[in-house]
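The structure follows.
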Amino acid sequence: MTDETSVGDRVKSIGDRLRSAGVQARSKLGETRSRLVAAYHSRPVRQFRSNTLNVIGLVIVLTLILTAIFAPMLAPHDPEEQNLRDRLEGPSAEHPLGTDQLGQDVLSRLIFGARVSLKIGVAVVGISLAIGTAVGVTAGYAGGYVDEGLMRLVDVLLAFPGLLLALVIAGILGPSLTNIMIALAIVGWTSYARVVRGSVLSVKEEEYVKASQLMGTGRLRIVGRHVLPNVMGPVVVLATLDMATVILSTAGLSFLGLGAQPPTPEWGTMISEGRDYLRSAWWVVNFPGLAIMFAVLGFNLLGDGLRDVLDPREEESVQNKGL
Amino acid sequence: AENTSGNSSGVTIALNTDPTAEVWNSHGGITPYWTNVMEPLVWVNQEMDTEPWLATDWEQTGETTWEFDIREGVSFHNGDELTADHVVYSFETLLEELAYAPGWLRLEGPESIVAVDEYTVEFTTTEPFSVFPGNIAHNMVCIQHPDRNPDESRVIGTGPYQVDEVVAQQEVVTSAFDDYWNDSGKVDELVFEVIEDPNTRSLSLENDEIDIGMSPPRSQIESLENNDDVEVARQETAGSCYGGFNLYDAPTDDPVLRQALNHAVDQQLIVDTILENVGSAARVPISPTIYWSAHDQVDPYEYDEDTASSLVEESDYDGETLTIVVPNDLVNGRDIAQVLLDSFTSAGVEAEIQMAERAQYSELVRDGDGHLFVDTSGSNSGAADYVIYDSFHSDGDVNQRRYRNEETGVQNLGGEVDTLIEDGLQATESAVKEEKYVQAQERMKEQAVTVPVYYDEFVAAYQSGLEGVSFSPIPEFTSWTSLEK
Amino acid sequence: MTEPLLSVENLHTHFETHDRTVHAVNGVSFDIEPGEVVGIVGESGSGKSVTARSIMRLEEPGKIANGSIRYRGEELTEATDETIRRLRGQDMSMVFQDPMTTLNPVFTVSEQIVESLKVHDNPDHQPLREYLRIPFLHDRTDWADKRDRVVELMSEVGIPNPEERLDAYPHEFSGGMRQRAMLAIALASEPDLLIADEPTTALDVTIQAQILQILSDLRASRDMSVMLITHDIGVVSEVCDRVIVMYGGQVMETGTTDQILTQPRHPYTQALLDCMPQQTERKEHLATIEGQVPDQLGDIEGCPFASRCAYADAACQSAPMPVCDCGDGQEAACCALDRVPDPTREAVGVEGSR
Amino acid sequence: MSVDRPGNATAGGSAAEADDATDARLNEAGSTAREPVIELEHVSKSFAMNDSLLDRLLGNTTSLAAVSNVSLSVHRGETLGVVGESGSGKSTLANLVTGLYTPTEGVISLDGTPVGGATDRPADLLADVGVVFQNASSSINPRMTVGDAIAEPLITQGWSADDCEERIAELLELVELSEHHLDRYTHELSGGQAQRVSIARAIATEPSVLVLDEPVSALDVSVKGSILNLLMRIQDELDLTYLLISHDLSAVKHVADRIAVMYVGELMEVGPAEELFERPAHPYTEALLAAIPNVDPASTIEDTFVLEGEVPSPVDPPSGCVFHTRCPMAEETCRTTVPDQIEVGDGWSRCHFAESVADDEEVTDAWQ
Amino acid sequence: MWKYIVRRIISGLAVLLGVSVLTFSLTFFTPGDPARTILRKQMGGRSPSQAAIERFRETNGLNDPIPVQYVNWVTDVMQGDLGVSYHSETAVTTLIQQNLMPTVELAVAGLAVALVVAIPTGVISAVHKGGRLDYGSQVLALLGLSMPNFWLGYLLMLVFAVQLGVLPTHGFGTFGHLVLPAVTLGTGMAAVITRLLRSSMLEVLDEEYIQTARSKGLKERIVVYKHTLRNALIPVITIVGLQFGYLLNGAVIIEMVFQRPGLGSLLIDAIFARNYPVVQGLVLIVAVVFVVTNLLVDITYRYVDPRISLGGGSE
């Protein structure tokens, strides 16, 4: 008997717990929702929303991301499946964007290409951003000879033909996607370092940083709490714009035969490989071209939007007038 | 680089290589490829056979000595008459200025070329070298006048056309040479223009900027053929494209797997599709334009997916990924590699592609770093022997490094094949040479040393107003004298 | 009474923001007579600058929603661009607060003054090549001639050694000098009305005194009217004939300087004057106005000061504010003047101003 | 104008010793009996103008003397106001006291102990000096909430979260803000509120000294009043010592006990506030006071004395008395000899004619 | 001013040193034997013999350790000798002489195209912020930004050479030959400059001194093109200076597509051929051009923005 009751109790208590968890979850959900709603109406979001172009940019980028994530579900064919007998066929119901010189489905390759291009973009921009920020902050905050040395290094890399570096790296390590990414990142971080250093130099002089120094706050903490958050705005914007540049650079490298390894579907390589078919089978080149354009457009518009939102000046100029 | 096609008596030929690339010092400022400004002693004819040219006759006088009779009455573009001294001068210059020349020509030191009399030259090779005449039937081994001056781009040869103007990286303008010893060119002026990009080349042909465009993009050949204003010339060449297996690293050290992969590839389909019918399906790595090719003798691996799969089953293969290495300057190499990869995959073999730029590719091959090396090979001279020697003899360039260091190699079966190749090389009689080389090729086919892909064909497109366009199996050797507008 | 030089009536200037409309100027009316110095005082955000800019028709990105601005009888709210340019070039000039940002950093001071002179000469004909000073295409003699005039103007506003300073860039000037240069630009168009928006707020007291003195000399010598915006009552008392007190985009009270300083009638004016440290013994608690300046978002009803006013009742929150005549031209916009003590008190600040 | 010209008291000789002696006397004379909290002895600070590597190698560096030879002390519970025109070195002085700058010469002591720059100071010493800057919204990280900003010094001092919370509540009450301000960002606050936050942050670690660099200059008159009220109140409640920098003379007059007048990096005059306003003992002080606009409606700008010319550059300050280029009383000695500190009343002045200036009844007379 | 230039030259030399060390170390790490690659190229694809390779290495000093090679190279460079091409034995200086100007010409023309397009577009876009013209020109700029160079090049060739027949497809020398390459190169830059100029115009339009200019009674056109544009160009100049690298990268592809002589294609060929003297010489020249461009940019700055004094500060 005791067993039974205990079992019943247990069941009941579990039920209770589940219910309360449900309630909690629901209230959490409600909270999240109201927070989302609040966020939707918050100033930055409103400002972002107020420009149609920003919203278009966001939609494009989200579309790209979703495409990349759900590529296997979206693509009608295997992107690497060849069908030489059906090569270079124009758009049809079976192949909405036609087939390429190997009879691969252009649409499917574009869809999977979004993965590759986004991966390159994110990785290159991520690495550049990390290195650039670290170097920029170090140079800007440490100043003196450290600054001088690091900046000369940046100059050296800027004066060095970036293409050569990419070629050499591709040469040393073989022209793989990873190596292209490394090469682009090695060239790419310098601009971040410059931007970050510039911002750090000005943020360093801000009174809130001085105030914090006078409280005895450690250097690292000042960098983490005060300097970084205030320099990241322009950097994030730069990063979204850079995504576009990176995608294009890959296309350029592919033209020189240093792009992604076949049969990886990568937009830049698709264009440069299809360039012989520019006239006989326009879809082979022009659709990847449009995809790149679309992505570049999306990232640039998003970057512009973020600039509007992240640039505190915009809001301050209104605020100051209200003081 | 004015639009010269309007000129009624001139023909503009767009090359895909740059005859002015940097400066060809040893030849007075331009490469002797394509231009017909300078001529060799020995010519290669349409059948890939040697033919007297500036030399009227030659003879092996000893184990290592050759005597060449120089044609009389030939004038240089500056009016001087060709003599044996000029020949000696030209060879010595070559040996001095081009690091590779001594080893290639097997000529070393000043005593190796001697003017016996005004019209006879004696060559002494460093080793017995039966193919010497064919070997010097090459554009680079041409005769020029000592007054040539690379700094002023003053090129003085004996050819049907003489150089008027050289614009670096742009063009070489030549005009017909009235005192040419043979049939003179019918066109007054030939302009060799550089357009390295194939699309630009064919676009400028359509735009009437040029009269002849070499190697248009394959994808455009069909539309060019359908274009009434344009004609397309084709010529089989000594070139072929094949993938050579790494015979010494697993899993391609297994002949069964190699055979399986040979069955997996449908050469005809490749030619029909991505090659747009340019070239023909290959059975052996040596183009049948070379008379000792075993193309007709071997019994090819038929394309058959089922056989391929079952052979893979039979083999020692257990799931490793093969690396297909392709140089990135190989025309359509990327597509061919992908088709190979797809064929292998269908047969149940995993593979990946590694594109490498040329310099890196040659390191990869020599290090045996990869499983299948896809490339073209061919000959630019009348002696095509090195095509087989370099790739398949243990001491050939491809295999030498690994052979000497590790006693292995890359594409060399070694043993009997080495001997057959050596014998073929030393043979002076065509029949003997053919026999030895064919045997070597048969051994290689049995062991599936390569996956032959296609035999190359040279294509050029030209304005339909032109007549007398014909190319040599070594296209760079083409004579332009028959050209008419 | 003859027609006033400038007459502003029921002026409304709005800004559309992400949220709502900011009613920056909300029914302002006042006149400026020829030769008169009118001070506009009020807390930050009370709409002083927007009023001034609206008069110059520089209200962008705001919009004049209602009301009229008449200059010598000419309606400015509906005037064409040409008219406005002519007025700016020949009749009205403006000097802004921060001399650090109001001069274009990339042109020499003299060039900026000459520009003003050229516009004054011919406001309707402004060829781009002439102003861009494209070599060979512009009239060099004219630029050269005008430099003499520039020297005169610069010495008039008290820039020492003007000949040597002709080719100086703004950043080579100190704050005070820049403000003088700004004055020279404004005077180049020989205005009848000079609008000075806090011309001395960014300057040191010593420099402020110099500028104010020059301003008052010029006003006397040129017989121009001056509209002087400031939040410093002291400045007003030293140079103004008449004072307009603004709050929340509206005029609270107007009167002669004397009237406003010695017998303020509006509770806001009184509170403002009380705040001055001069009114309190050293170390004593200073008087302040509780609450905050309204943000002027959305429609505003009643008296903007009602929420902070000690005398306000329910009516003040909603009723329209009547403008009461307090005699001698003094007017206050208040519906509860009867409740507000009439200061028969001593003149403010006579004693203990230092 | 009849000015008694005292003979050149201590020309040459052991000027430094004499200065020290004067300092000592003044420190006792000028204030209540309480001990000095901040002491500056012959403190100078100069900035290198061109300091690229090449310039340093070539040895052609110029320097800017932002503060030169300043000796000063501030006593417990006292408010010392520092006034002067823009660029006179007021902020530099404040930064020297807080330790943001280290002096190029001279010694700064806090509570009798000589101190270095902020990076060399022990934590408790840092906690002992609070700072309030002019523009509250720029002295608080725009990406931090009010709560985070106030908590920052506490966290640096190693306070526990609970203690922090308690202390923040206390502080909010002290500066008259409410809990709901805690989640806001500075741009969501009015200028006065932001300044309260920065005051709360400055006093969070219970310092005994507060350095206030133009704390009210950016504010409207009413808001300024409320901040000054707040400052006076917490000074009483917490027994704080203030170093108050401002060019707003009326504000300084209202709250300061003693006032120091700076000009081109040098102290011109120091004295009790009332005395200094009543009887300035330096022509520069006089000129400064004269320039304050008079609220008397009868006064006009024409009656006001206006000091001519501009502040000389600290890169190349004038010889002798730095003020001689603008001083209507300047004589040959002023051009050549640096004046000593001359005791006048409870303060001192660095004018050769200090006494006669101070004695002059009708201040403006000197300027006619 | 002179002091500034001297200082810049010193730091420029440091950069050049860094660049040359980097180039040398990279050549050390790059796989591929120059001897083999060059000889193979000279022989039209045939493999050279071991003896030939050895001889080549010997004559070109390739057997020395890299540091020794570097020191030798630097010593020669000091004497104005950049070495000779492995491939043709032409002096590298001659190659640079032949190829520098075409690239500079292309770069300048591209920049000119970019500016001619970008300045009005950027200005119009900023002046009509939020309007249809603004959206239109922004989208156009983004399209320009997102077109791969070679693709645009072929398209232009198709339209202007093949369809319309008004311009040549390739070549070098006349103005006509420059048009398409310059437009191709300029488009990407124009897009970047348009966007930059727009945002910097917007910023400047918010400045007080623009209100001052308007308050003088100046026409809007003068306010925009005189007072705003000059200030807005300042940040643009920096970017244009830094874009030099981008220009060269772009030039590589454009030179290949339009068959123009130039540093870009020369560099690519040299890298692929492992023609190290040419690579090193070119990289050095490119770096020199970079350093000089940036010096010029900074001096231009001085004229555009008088606030910047070249005497002070290091940056």
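For reference, chains read A, B, C, D and E in written order, and residue numbers begin at 1 within each chain.
To be clear about the criterion, contacts are C-beta pairs under 8 Å (C-beta built on N, C-alpha and C of every residue); 3 or more make two chains touch, one makes a residue touch a chain.
This one's a predicted model, so the numbers in the text were calculated from it and none came from an experiment.
Peer 1: Spell out the chains that contact subunit D while also contacting subunit E.
Peer 2: Touching subunit D and subunit E alike, sorted by label: A, C.
Peer 1: If you average the C-alpha positions per chain, which one ends up nearest the average over all of them?
Peer 2: E
Peer 1: Report the inter-centroid distance (CA atoms only) between subunit A and subunit E in whole Å.
Peer 2: Chain centroid spacing, subunit A to subunit E, equals 27 Å.
Peer 1: From the C-alpha centre of subunit C to that of subunit E, how far is it in Å?
Peer 2: 52
Peer 1: Taking each chain's centre as its mean C-alpha position, how far apart are subunit A and subunit B in Å?
Peer 2: Computed from C-alpha means, the inter-chain centre distance equals 48 Å.
Peer 1: Could you give the separation in Å between the centres of subunit B and subunit C, each centre being the mean of its C-alpha atoms?
Peer 2: Subunit B and subunit C have C-alpha centres separated by 88 Å.
Peer 1: Do you know which subunit C residues sit against two or more other chains?
Peer 2: Where subunit C meets two or more other chains at a single residue, that happens at 44.
Peer 1: Which residues belonging to subunit B are in contact with no fewer than two other chains?
Peer 2: Touching at least two other chains: 199, 329, 357, 359-360.
Peer 1: Give me the residue numbers in subunit A that touch at least two other chains, ranges are fine.
Peer 2: Residues 148, 167, 171, 275, 278-279, 323 of subunit A each touch two or more of the other chains.
Peer 1: For the complex, which residues does subunit A have touching subunit D?
Peer 2: 148, 206-208, 210-218, 221, 225-226, 229-230, 312, 315-316, 319, 323
Peer 1: Can you name the residues of subunit E that touch subunit C in the complex?
Peer 2: 207-209, 211-222, 225-227, 230-231, 304-307
Peer 1: Flag every residue of subunit E that touches subunit A in the complex, lowest number first.
Peer 2: Residues of subunit E touching subunit A: 11, 14-16, 18-19, 22-23, 26, 29-32, 130, 135, 138-139, 142-143, 145-151, 154, 158, 195, 199, 206, 242, 245, 248-249, 252-253, 267-268, 271, 279, 282-283, 286-287, 290-291, 314-315.
Peer 1: Touching residues of subunit B toward subunit E in the complex: what are they?
Peer 2: Where subunit B meets subunit E, its residues are 1-3, 21-25, 33, 97-104, 139-140, 167-170, 193-197, 199-200, 203-204, 206-207, 209, 329, 357-360, 362-363, 377-378, 380, 386, 390, 396-398, 400, 476.
Peer 1: Over in the complex, which subunit E residues touch subunit B? Could you list them?
Peer 2: 31-34, 36-37, 39-40, 42-52, 55-56, 59, 85, 87-90, 94-95, 98-99, 154, 157-158, 161-162, 165, 168-174, 177, 256-259, 261, 265, 269, 272-274
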